[in-house]
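The structure under discussion is supplied below as structure tokens; questions concerning it will follow.
Should a chain be cited, it is by its letter among A, B, C and D, assigned in written order, with residues numbered from 1 in that chain.
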Amino acid sequence: MHFREALSSSTTVTVTVRAFARYAEILGIEATTLQLPSPATVGDAVKLLRESTPNGHLLPDRPLVAVNSEHAFADSPLREGDELALMPPLAGG
Amino acid sequence: MHFREALSSSTTVTVTVRAFARYAEILGIEATTLQLPSPATVGDAVKLLRESTPNGHLLPDRPLVAVNSEHAFADSPLREGDELALMPPLAGG
Amino acid sequence: MQYVTRRPIDVQALLSQVADPALGGTAMFLGSVRSGDEDGPVEAIDYSAYEEMLEAEFAKIVEESVARWPGARVVGTHRIGIVPTGEPSLAVVAAAPHRAEAFAACRHTVEEAKQRLPVWKKEIFADGTEAWRDNDQPETDAKPTSA
Amino acid sequence: MQYVTRRPIDVQALLSQVADPALGGTAMFLGSVRSGDEDGPVEAIDYSAYEEMLEAEFAKIVEESVARWPGARVVGTHRIGIVPTGEPSLAVVAAAPHRAEAFAACRHTVEEAKQRLPVWKKEIFADGTEAWRDNDQPETDAKPTSA
């Protein structure tokens, strides 16, 4: 499933999005790709997901996120090929 | 080995003395009995041992002691049949 | 080091990994699935994880602990998949020259693991129902009930 | 409960003794014979004890810990006789509903055991010589080397 905006590839970044636990249930998917206008941040990706996916509005504005397996924030930049993880509150241990 | 003072039995208490580790080496014995004028304290027993046993003066004035397997002090009373333990600084663990 | 397992945690193997005759103190923590006191009897917890990140983040946490307590050796494991009530899901072992560092490094590693590892849990109840469960807040040191 | 053993400490048996599905946190401490950094290589420690008192005092310490952290389960063992370098001589395990109490009860029990158990140690060196060894002072919480 791909969400594309009408932009030429030179001015966009394509990232993989993974959703875990409750968020995978909300979105109905565990992974997808997302194309965003460049430069893009985590916040931009979350906004697009919330607006353009079924039940996307059920995600929080600022979910816990990781980029390439490292904890990240709403203003963290997204680069071509990055993996963005949407993570419910952690419950390890 | 018994240390007796010239007192009638009604006015004395007889206790068992046990010595551990370094103190057993100093006194050359692991256990003995001691007869003390009544009423007697731990301090009285230690004083008698220091004065009347070979190398007894090598014991400290106030060694760590237990009476009947409980930590005790120089002024703790000794009663007939009590077990007094002379214990070097503890080194468990 | 493998920080994720789908099998029961092997405590003896973890202890062996930190064993060193120069390290006199070893502290271990096991976090186990509780039978539950709020929503009825829990039979098991189904742990899911972002596995690649779990490996990377646990490695980072352990490195940070060793940097803070030099000379310590620290290992940890998180079990995922279905873990029955009473069995451990998280284990951390820290060995150090003396016990104070061993306890501190173990406790610190556990707190960081609880806060940072990308793991989620779904409680499975005796009646077959399931529920996602968030963690409690980070714990502070326990006060005894009497001074 | 038997608090003294002359055989290697069985960690798994101790963990089993406190296991309880209501207790989600388990903290364990092992104190092991160090190879020694001051007087040369230590091969083993010969632990001697006032055994009757060791049993009574360890039982008392455990009772006190359980009184301070109600709901916790605490066990401990001190090995005596010759304990080779690298092997544990003291083990304490505390299980509690949550980890903060488990850590606190374990640590407290270890500190009391170190201060109160009537045990003495003679270090046996590689060259066959022996020396009585006192304990270090009670330890306070370890400060990390960096904030």
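What to note about this one:
We take it that a residue touches a chain if its C-beta (ideal position, glycine included) is under 8 Å from a C-beta of that chain, and two chains touch if they have at least 3 such contacts.
Computed from a predicted structure; not experimentally measured.
Note on connectivity: the fewest chain-to-chain touch steps from subunit B to subunit C number 2.
Both subunit A and subunit C are touched by no common chain.
Subunit A and subunit B have centres, each the mean of its CA atoms, that are 77 Å apart. Mean C-alpha position of subunit A lies 50 Å from that of subunit D.
Computed centre separation for the pair subunit B/subunit D is 29 angstrom, with centres defined by C-alpha atoms. Centre-to-centre separation of subunit C and subunit D, using mean CA positions: 22 Å. For subunit C, the set of residues that touch two or more other chains comprises 31, 110. Per the contact rule defined earlier, chains pair up in contact as A-C, B-D, C-D. Against subunit B, in their complex, subunit D makes its touches with residues 31, 47-50, 52-54, 56-57, 78, 89-90, 110, 113-122, 132-135. Remark: subunit D residues 11-12, 15, 19-35, 37, 67-70, 85-86, 88, 96-108, 110, 136, 139-142, 144-146 touch subunit C in the complex. Contacts from subunit B toward subunit D in the complex involve residues 18, 20-22, 66, 69-71, 85, 87-93.
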